[in-house]
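Quick heads-up: structures coming right below.
Each of the next two complexes has subunit A plus one other chain: subunit B in the first, subunit C in the second.
Now for the complex of A and B:
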C-alpha cells in the first residue's frame, strides 16, 4: 500500500513530460493520457479512503531511515487530512480535464496546455503529501509557476496583465514563505515538520517565532487570497481559460493556501491565542468584504472569483474558531464540530465553485461574452448549462438539500455553541447577500429576454458530462452529514487537526 | 539574425569548445565539488548560446533547433524519472532508491546513481535554457519581419 504513495507525484509529473514528446506524434495523446492518469489517481484516493486508511502511511523517499531518531529523508505522509485534500485535487482535476477536452479547441498549443495542467496537479499533490518544509516550498512553486503560465494562456492584453500581477504578488508571497522557512531552519536546524514540531515544543514561545508565524500567515494567506492579500485573485481567476479557473478557484487556493496553513499551524507550531485570533479575523474580513465586492460585479467570472474569497472566509473562520476553542480549553466537541464544518465547506466549495466556473466557461464558449448585461434568455437554448448552474447557485447560497446548506449550518451551529455570536450573525448575513448575488446571475444570464440574434446550441458532450457529474456531486456530498459517511471521509481529517501532536509522534516514532 | 564579424566568429569557435568542456567537468563532478548539475548546465547552455549569437541563423532553422531542444529537455526529465522509479520497481521498492554500488569516496565513479542524476539534470538545464533563449530570439525576429 505505502509504495503507491509516490505515484501521486510520479504519474502527473511523467505525463507532463511525456505530452511534449509524444503529443507531437500521436493525435489526441495529451487529452487521453492526462484523463487516464487523473482517473487512476481519483480511484486510488477513493480506494485509500474507503478501503482502510486506518493508520497514517509514512514513506521515506530514497529509503533513508532515521539516524538516532532524527529523520533525514524527505517524508511523504498520507493521513486523513492529506487523503481528503488529495480527493479534492484529483477529482476536480479529472472533471476539469474532461471539460477541457472540448473547451480547448478554441486555443492552439494544446500540448502546452495539458502539460502545464498536469505539472500543476503534480505540484499540488506534492504539497499535500510532503512532510518536509522545503520540499513543500518546491512543490508549491511548481504548482504556482505552472498556474502563472496557464493564466496567461490566451495571450490577450488582459490575460497577460492579470498573469503579470499574479506573478508579482505570488512572487512576494513565495519570498515571505522562503524567508520564514529560512528562519525556522535557523532556529531549529531541521526542515522536517515533525522534527521542527518536536524541537519547538521544548522551547518557550518568543517574538522570533511569532514573527515567523506572521510571515507564514502573510505568505500562505496571499496564496489563499485572504482579504488584505487578495488583489491578484479577481484578475487571475477571471482571465484564465474556464477549466483553469475552476482548478485555481476550486483547488489551488485550498491545496497551497488553506491546507498548508492548517498543516503548519495545527501540526507544527503550538497553537497560541494571538495567532488563532489573527486567523479568525482575517477569515471574517474575507467573508464579509469578499461578498460585498462580488455583488456589484457585472463580469460573470469576476463575480465568481470574488465569491471564492468570501467562501474561503467561511472555511477560515470555522477553523479559526476551532483553534480558539482548543487554545482556551473550551469544549473540544464544539471545536471538532467547527473544524469539521470548515473542512466540509472546503470540499463543497471545490465542487460548486468548480461547477460555476465551468458553467461560465460554457456560456462564454457559446455566446463569446462574460458580461451579464449582454446575456439573457439562455434557459431555453442551454438546458444542461442552466440546470446545472441553478444547482450550483442554490448550493453556494446555502439552500437545502444542497451540500452548501449543511456545511454552513454546521459552521453557524458551531459558532453559536462556541459563543461566537458576532461570527454567527455575519455568516448568516453573508449567506443572504450571496443568495442575492446569485439570483442576479441567474436572472440576467438565463431568464431575461434574449438579446442574441444568432441561434445558440448546447455545448458538446464532454463539457455537459463534467457539469452534470459535478451537480450530482453537489447533491451527493450532502450525505457527508450522515454519521456513516462522515466517519469514513471527514472524521479522520478532523482527528488529524484535533490531535495536534499525533502527527509528530507518528513520524518520529517517539 | 545576421552573424557577426569573422574575428568574433573565430574567437567564439575557439572559446565554445573550452566552455563546453568546463561545463561537462562541473556536471560530472557534481557529487565531489561545489557546483553540480544546475551550474554546469547553465555553462553548457552558454557555449551554445555564444555560437548562435556569433554565427546567426535563419528563423526556420531556429525553430527546428527549438523543437529539438524542447524534446531533449522532456526526454532527459523522463530519463531521470525512470531512473528514480527503477528504485521503486527493483531492490528495496523505494522511490529514489540508490541501488547502484557506492564505490570509494572521492573517486569520479562513485556515489551510486547520484552522478547519473547529475548528468541528466545537467542536460535538462542546458536544454531548458537554450529553449528559453531560442524562444526569445524567434519572437524578436518575427517582430522585425512584421
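Now for the complex of A and C:
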C-alpha cells in the first residue's frame, strides 16, 4: 500500500512534463492524459478511504530508514486528514479538468494550460502528503507559481494585473513562511514535522516560538485568504479561466492554506490558548467581512470569490473553536463535533464553490459577460446550468436537503454547545446574507426578463456533465450526516486533529 | 407502522419521479399528483386513528444484511428519525392531506394556462411530503430539515420570469431561509440545555435567559412561516405575483397550518411561557391583526388585499395560542383550520377571476356575479366567513377567541390586566375585515359590468368544484361548531373545556335559516315585486361612466385621514418591512468595506504587515 502513496505526486508531475512534449504530436493527448491521471487518483483515494486505509501509511522517499529514531528521509504521510484533503484536491481537479476540455477551446496554448494545471495539482498533493517542513514549502511554491501563471492565462490587462498582485502578495506570504521555517530549523535543527514536534514538546513555550507561529499564521493565512490577508483573492479568482477559478477557490486555498495550518498547529506545535483565539478571531472576521464585501458585487465571479473568504471563515472558526475547547480542557466531544463540522464544510465548500465557478464559466462561455446586470432570463436557454447553479446556491446558503445546510448546522450546534454564542449568532447572520446574495445571483442571471437578442444554447456535453456530477455530489455529501458514513470519511480526519501527538508517533515510531 | 414511511416518503419519491416526465405530459402529471394526494389523505386518516405515541423509524431496510455497505452506511441514522403521533400532529397531517387534494384538483386545470410554472407537480408533491414530515417529526433536526425544504419548494412554486415576480421569489426565500437559520440557534440552545433532540421529552420553563432566547428564536420561525407581524412581508409580494394555486397551497393553507402547529407545540408542549413572553406574543398578535387589516383596506389589487388578510387573521390564531387555556388553544387551532379553508378558497376564487378576465385590479372589474355564479357564491361564503358573520365558521372561532380573552381577564398575569385592550383590538380587526371584504365582493362581483366581460363564462368544473367543496366545509364547520366540530377535533389535544358564553351554533343556524325562509316567503307572497323602477336623478345631465363612484374610492377617505396618511406613506416606502431595512443596512456595510478595497497593491501589502504586527502586539 505504501508504494502507492508517491503516485499522488509522481503522476501529475510526470504528466506536467509529458504534456508539452507529446501534446504537440498527438491530438487530444493533454486532455486525455490529465483526465486519466486524475481519474485514477480519485478512484485510488476513494479506495483508500472506503476500505484500503485502516492504518496511516508512511513512505520514506529514497528508502532511508530512521537512524536511532531520527528520521532522515523525507516522509510522505497518508493519514485520515491527508486522505480527506487528497479526495478534495483530486476530485475537484478531475471535474475541473473535464470541464476544461470544452471550455479551453476559447484559448490558445492548450498544452501549457493542462501542463500548468497538472503541476498545480502535483504541488497540492505534495503539500498534503509531505511530512517535511521545507518540502512542504517547495510543493507550496510549485502549486502557487503554477497558479500565478494560470491566473494570467488570458493575458489581458485585468488578468495580468490580477496575476501581478497575486504574485507580489503571495511572494510576501511565502517569505514569511520561509522565515518561519528557517527559525524552526534554527531552534530545533530538524525539518521533519514529527521530529520538530517531539523536540518542541520538551521545550517550554517562549516568545521565539510564538513569533514563529505568528509568521506561519500570517503566511498561511494569506494562502487561505483570511482577512486581513485576503486582498489578492477577489482579483485572482475572478480573472482566471473558470476551471482554474474553481480549482483556486475550491481547492488551492484549502490545500495550501487551511490544511497546512491545521497540520502544523495541531500536529506540530503544542496548542496554546492565545494562538487558538487569534485563529478563531481571524476566521470570524473573514466570515463576516467577506460576506458583506460579496453582497454588493455585480461581477459574478467577484461575488463568488468574496464568498470564498467568508466560507473559509466558517471552516476556520469551527476548527478554532475546537482548538480553544481542547486547550481549555472543555468537552472533547464538542471539540470533535466542531472540527468535524469544519472539515465537513471544507469538502462541501470545495464542491459547491467549484460548481458555482463552473456555472459562472458556463454563463460566460455562452453570453460573454460576467456582469449580473447584463444577464437575465437564462433559465429557459440554459436548463442544466441554471438547475445546477440553483443547487449550488442553495448549498452555500444552507438550505436543506443540500450539504451546506448540514455542515452549517453542525458548526452552529457545536458553537452553542461550546458556549460560543457570539460566533453562533454571527454564523447565522452570515448565512442569511449569503442566502441573500445568492438569491440575487439567481434572480439576475436566470430569472428576470431575458436581455439577449442572439440565440443562446446550452453549453457542450463535457461542461454540462461536470456540473451535473458536482450537483449530485452536493446532494450526496449530505449523507455525511449519517453516523455510518461519517465514521468512514470524516472521523479518521477528525481523529488526526484530536489526537494531536499521534502523527509524530506514526513517523518516529515512538 | 409502515404507513408512517409511506405518508412521508411516497409524495417525495413520487415528486422526484415526476421530474423525469417531460413537461408535455401535463395531464398525466396532474392526474398522478391528484392520485398521490388522495392516497396521502387516506393515509392521513389511517394515522389519525393511531394511538398517541412516539415512533422511531429504522432507515435501514430489514432485508439489508449486517455486513452490507448499505447497512454500514446507514446504521445509527435511526436515532434522528423519531416521529411523534399525538392528536395535534394527527390533526394537522390530516388537514395538510385534505388541502393538497383540493388544490390538486384545482390546479389540474389552472396550471395549464398562461402562468405556467416549470415542474409545478414535482414540487407540489415534495411540499406535501415535507409538510407532513415536519408535522410528524419529533426530532428537531428532522423537523428543521423538512421545514427548510418547504422554503425551497415555495421558491420554486412562483414563476420568476419578470422583474416583479422574480423579486418576490427572491424576497420570499430570503425571509424564510433567514428564519430557518435563526431557528437552528434555538434548537441548538435546547440541545445544550437538555441534551435531547426530541420535542416530546421537553418541558422547559422560560426563566433563564438561554431558555428565553430559545423560545424567541423558535417563535420567529413559526411567525415567519405563518406570516405574522413583523415577519410577514413576504406574503403580500408572493401572493400578488404567484399563481393562485401556489398561493392557496402554501401561504394560505399549508404554511399557516405548519406555523401555528409549531407555535402551539412551543407554547403548549415545549415551553411553559412566562407572563412577559405572553405579553409580547399578545401584543404582536394584536399588532398583526390591526396593521395588516389597515393595509388591506387601501389595496386595489385584490390578490394583495387577500394576502394582507392572510397576515391579519394569523393574529387571531396567535392570540388564542398565547392565552394558552384549553379553550383558547382550541380556538386558535379552530381559527387556523377555518382560515386555511376560507383563505385558500378566496385565493382560488381570485385566481379564477384573474384567469377569466386577465385583470387583478378591483378598479377594472365589477358585476361578474351573474357571469360566474358558482365562483360568486363560494367567494361570498368565504368573505362572510372571514368577516365573522354567524353562523359561518369564522364567526364560531372568533367567538371562541373573544370568550377566551374575557376569561383570560380573570388571570393574574400582566397581560391579563389589559384584557380589554386585546378584546377591543380583536373586535375592531374583525369589523375592519368586514369593511374590506365588502370592497372585495362588490368590486369584483357586484356593481355595473364592463361590456368586455359580457361574454364571460363560468370556469371549468375542475376549478369551481374545489371552491364549492371548501365553501360547504366552511358552512358545515360553522353550523356544527359547538356540538360536533370543536369537541370532535380539538378536545382530544387540548383537554376538556367549557364555553364561557352561550352559543349553540346549530340552534342559531336553524333560526337564521328560518328567518331566511321567512324572508323569501314574504318576498314571494307580498307585493314587493311590484316595485317602481326609476332612473337616478342627476340634474338633467347625461350619464357618463365617469360620473359613478367605484367602490374602491370610498376607501380613499381612510388613506387621506390624518395621521393615517403619513403612516401609509411610510409603510409604502418599506419602513415597516424588516427585509427592506436589513437590505439597506447590508448594502451600507458593503459600501463601507468596499471603499477600503481600492485595488492599490501597496495598500494590500501594508494590510498584510499590519495584520502581522497587530497579532504580534497582542501576543508578544
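A few notes on this one:
Criterion: the second predicted complex is superposed on the first by the 510 of 510 C-alpha atoms of A that agree within 3 Å, B and C clash if a C-alpha of one lies under 4 Å from a C-alpha of the other, contacts with A are read in each partner's own complex, and residues count from 1 in each chain.
Note that a contact is a pair of C-beta atoms (placed from the backbone, for glycine too) under 8 Å apart; a residue touches a chain by one contact, two chains touch by 3 or more.
As the structure is a prediction and not an experimental result, all values here were calculated from the model.
Of the two partner chains, subunit B is the only one that A:61 touches; subunit C does not reach it. In the superposition on chain A, no contact is made by A:199 with either subunit B or subunit C.
When both complexes are overlaid on chain A, the residue A:14 reaches subunit B alone and has no touch with subunit C. In the superposition on chain A, A:271 contacts neither subunit B nor subunit C.
In the superposition on chain A, contact of A:165 is made with subunit C only, not with subunit B. Of the two partner chains placed by the overlay, neither subunit B nor subunit C lies in contact with A:39. Set against each other, subunit B and subunit C touch different numbers of residues in subunit A, with C touching more.
Judged by the document's definition of touching, no subunit A residue lies at the interface with subunit B and also at the interface with subunit C.
The part of subunit B that touches subunit A in the complex is made up of residues 70-71, 74-75, 77-78, 81, 84-85, 87-88, 92-98. Listing the residues of subunit A that touch subunit B in their complex gives 3, 6, 10, 13-14, 17-18, 20-21, 24, 59-63.
In the complex of the two chains, the subunit A residues touching subunit C come out as 164-165, 168-169, 172-173, 176, 207, 210-211, 214-215, 217-218, 221-222, 228-229, 231-232, 234-235, 274-275, 278, 289, 292-293, 295-296, 377, 379, 394, 397-401, 405, 408-409, 412-413, 415-417, 419, 424-425, 428, 431-433, 435-436, 439-440, 442-443, 447-449, 479, 482-485, 488.
On subunit C, the positions that touch subunit A within their shared complex are 71-77, 118, 141, 144-146, 148-149, 151-152, 160-163, 165-167, 169-170, 173-174, 177-178, 180-182, 184-185, 187-189, 191-192, 583, 586-587, 589-594, 597, 599, 601, 603-605, 607-608, 610-612, 615-616, 618-620.
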